[in-house]
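A, B, C and D are the chain letters, set down in written order, and residue numbers restart from 1 in every chain.
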Amino acid sequence: MDKNQFRNDTIQILIAVVILALLPLLFRGAYQLRVLNLFLLFMLITIGFNLIFGHTNQLFLCQGALAGSSMYVSGLLALNYGIEPWLVIPLGTLLAGGLAAFFSFIAVARKLEAIFLGITTLSFQLIFQNLIVGLRDITGADIGFIPPELSLGPLTSLLGRSQAYYYLLIIILVVTLLIYRSVMNSNIGLALKMILDDEMASEIVGVNVRRVKITMAFAGAMLIGFTGALYGFFNAYVAPSLYEFTSLDIIVLIMLIFGGKATILGPIVGAGVFTILNEILRPLGPLTVLAYGVVLMILFIFFREGIIPWIKNKTKLPLI
Amino acid sequence: MTIILEGKSLTKYFGGLPAVRDVDFEIGQGEIVGLIGPNGAGKTTLFNIINGVLKPDRGRVIFRGKDITGLKPHTVCKLGMARTLQVPRPFLNLSLLENVMSGAIFGNHNTIARSKAEEIAYRMLEVVGLNHKHYVIAKNLTLQERKKLELARALASNPEIILIDEYMGGLNPAEVKEAMELLQRIRKEYKVTIFWVEHVMRAVMQLADRVIVLNQGLKLAEGKPSEIAQDSRVIEAYLGGGVV
Amino acid sequence: MSYIPVIIDGIVYGLQLSLLAVGITLIFGLGEILNLSHGEFAVIAGVTAAVLNGVDVNPFISALVGVLLAGVFGLIIEKTILISAYKATGETRILSGMFITLGLGFALHGYMANQFALVSYSVRLPIDTIEFLGMVFRPTNLVAGGISAITLILLMLLLKYTYFGKAVRSVVQNEIGAQLCGINPSRIRMIIFFIGTMLAGLAGIMQGLSSTIEPEVGVQLTIFAIIVSIVGGVRSVTGTIVAGILLGVVYSLVSFLIGTYIATIFFLLAAALTIVFRPEGLLGHKV
Amino acid sequence: MIRPKNGRIILDSFDISKYEAYKRTELGISYVPAERELFPQMTVIENLELGAFTKRARKRKEENLELVFRLFPRLKERKNQLAGTMSGGEQQMLAIARGMMTCPTILMLDEPSTGLAPKLVAELFEVIRKITEENLTVLLVEQHMTQALSVADRGYVLETGRITLSGSGEELLVNPLVKQAYLGV
């Protein structure tokens, strides 16, 4: 909107990206690089979820199914028909976007409250999980399958596989954030702020609220689907456990709530904190679930607004 | 006088009970028409039907010769019909400037540039008398200021007609006078037709060209304010039967 | 006629689901808290009763201890961690309640799965099987069905005829109206949370009686109970019970004829389609 | 429902402005809002029984039931009908009757005539007059000025939050300023 805002946004995004880009120089071990990649993957999925839940209050509880259906479609097509993965990933991405747009359409057409959209999408998540296990001849059920290698061109030989993936994800992140920022500073950004504030008033003032919501669900889910596919190819082994409610949806939800809904930096910080926490908690085995449960309760009892809005309020810094 | 807005036998039921029944009306270009009636008469429901918040069970709404029945509020707004609400709903977490710009950007029939929208917003905030508070966040406003802000937001969309749902409630006599001057000015300077629900009778009776009276969802009477004030049916609806 | 035992199994299973789901229905109807930890209360009671039963405590006393433990724990939860949700209004309350209980569900699940890992628990009666007209019935199953049915009937009588029951229905239908009658809604909510979690506990014990209960099934129980509650109409107790029996029977039949995963998918679709096409539920009225 | 920002409400010289709504009912203030707030999917008799929920009211349930059935014979005829299926006028009667079941010392009626046809309004005020004969204090907020004032001992005219006129019902009835306040002429 105004020049200052634009510069402020650019600086903050630049700082974040530079820090992220330097991390592989500090953490070079194979395990550390894997964790760094997971960090970026979850961050991108959280940004996608933020577009849907954070900006338009549509409670989707099927991030895992969106990411997973994208991966299963593209991975299986690539594996079974020998198609170049880069050619089928867009198909998976579009599928995820289409599914989300469909749910969003139903929600606005039937005027579903958040809780009912949540349950509908949760049903879809669980149907997806059951289908993957049920269609074992195609999906390999719990055993899963090994997708073909995704070629990253000269990057791989230059940096090694993990680093190549990492910088590919950094590029995707930069593109995402730049688009995100310009959208937020455009009329659509204003419409999003208005909708978050008061849907009925937005409609009366002339905003096509339905269209904005469906579009955001489509865009957010495309990002989730695209990242979800990269997650599977990066993991080099695809099993339902990657995309389960407990292993993906809940973590993404916690990352977003902790970081702060409807902020640009929130998903980045949230993904960072909980990727580290996840690694610390890993040795606990089944108790990890307990720990996540407790964290979720604490977040919603004491910390509903999220860390970025909280810092913003305390320090008056113009965080985005 | 050309007719700008027309309602034909508008009817709406809530759970089997009629809220608005067979209401016909015509509003001419440039008029100020008051819509009055006791609580529960169906005034707000009628407004909701006109601008598309509710779909009528029967009847049509014609706006500038076009049938707009069943169109969504955002489309109706772009066609040139703005609206303010009984309980004002500005965007509480946005600045006053952004609030009014939202009207200019999204409510306008034509696409307008941001800089132009900002210019309009400044002007409208001045018109309603909030020009010293551009960067204040709307949740810090008093109820009266919120009403003004909502009016500015509605005006910013460059409407042909504006539906105002109670503007004067809670004002002291001096403020009522000021508000009346504001409405006059809006009509004169911006050529906006005004369809206006109001409980402060003094204001309606002085300002409106015509008054429509609703009671129990039915149109009870229609005419010049002086005629309405003498109409025994109206008096009975307001004050109860057996009036002196 | 091999279908009859399957159908009877289905009815018993459905009654157990109803027992779980009426708690969800009542708690949501009164305070707009969708209890996403509900199934874990069934696990707590079921496992407690089975463990006590395993060390030769009388089955009846084991069950009683299990049910009371679930109820008391529910009461504590209602009076502590849910307070922040009750303070909020509208959509914020619904979302907070949903996520706080989701967190609680995970916490309980993590704890139970860790503490009582990979073991099936069951509550046993001293009789084995009964043969009737050439068909084999398990009496435990019939006892579980009977107890569930009697409990549900008692609950409906309580709601229909006692002052307390009428007060519950009044708060569900119109909280302001209830206050005008001198009814304290938060007190009613507290008692119903206690009763609801006890009913969940009873459902867990019945499952331990008719088959087995594992700490792992908590999440599934919660989800199935929510689906039953939604298909029944979220605020209608009668609808919930009807939906429970219906879905239980269909689930058993589909599992038997095709497979469990298709039956589960059917269950989930039933919820999604109800929300989209008939949000007021099967019977379409409140309480 | 809404607690006052300043000032106190005194009942039998107790300050009750800080109590929650259900406590006020327990203390003997019965509020009958314009929205009526009935239980639509319960029968008339169930609605009335719930009015007698508090311990104090439960003791006198039978005699109060008799009283409201005497005042509102139509409710007695329809005691097994669901409240939500009744007409507006009947619902208003039920709301008032339920208010009386709480055994109040003061009965507050907020715009009881809202949405009622003129014939019903007349009937309503007839009942209100009868209620006052039962030795019950009634506080009435009403748009239908003439009828309200004709049953009232005292009246107050509120304009934008301030009391602008007050006096006995008969005095106000003939005061031209009252009409002006309403109609603006």
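Heads up, the rule we're going with is that contacts are C-beta pairs under 8 Å (C-beta built on N, C-alpha and C of every residue); 3 or more make two chains touch, one makes a residue touch a chain.
Each chain and its UniProt protein: A, C = Branched-chain amino acid ABC transporter permease; B = Probable branched-chain amino acid transport ATP-binding protein LivG.
None of the values given here were measured: they were computed from a predicted structure.
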Using direct touches as single steps, what is the fewest number of steps from chain B over to chain C?
-> 2
Here the gap between chain B and chain D, centre to centre from mean Cα coordinates and rounded to Å, is 33
Using CA atom averages as chain centres, what separation in Å is found between chain A and chain D?
-> 56
How many Å are there between the centre of chain A and the centre of chain B, using C-alpha atoms for each centre?
-> 44
Assign the assembly's chain-to-chain touch graph to one of these shapes: line, ring, star, complete, other.
-> ring
Every chain pair meeting the touch definition is listed as A-B, A-C, B-D, C-D
Within the complex, chain A is touched by chain C residues 34, 81, 84-85, 91-92, 94-96, 98-100, 102-111, 113-114, 117, 223, 226-227, 230, 259, 261-262, 264-265, 268-269, 271-272, 275-276, 279
If you look only at chain D, which of its residues touch chain B in the complex?
-> 34, 88, 111, 113-115, 117-118, 121-122, 143-148, 160-161, 173-174, 179, 182-185
Residues of chain B defined as touching chain A within the complex | 51, 53, 72-75, 77-78, 83, 85, 89-94, 98, 101-103, 105-108, 114, 153, 157
For the complex, which residues does chain B have touching chain D?
-> 17, 38-40, 169-172, 200-206, 216, 229, 235-236, 238-244
Residues on chain A engaged by chain B in the complex (per definition of touch) = 1, 187, 190-191, 193-194, 196-198, 200-210
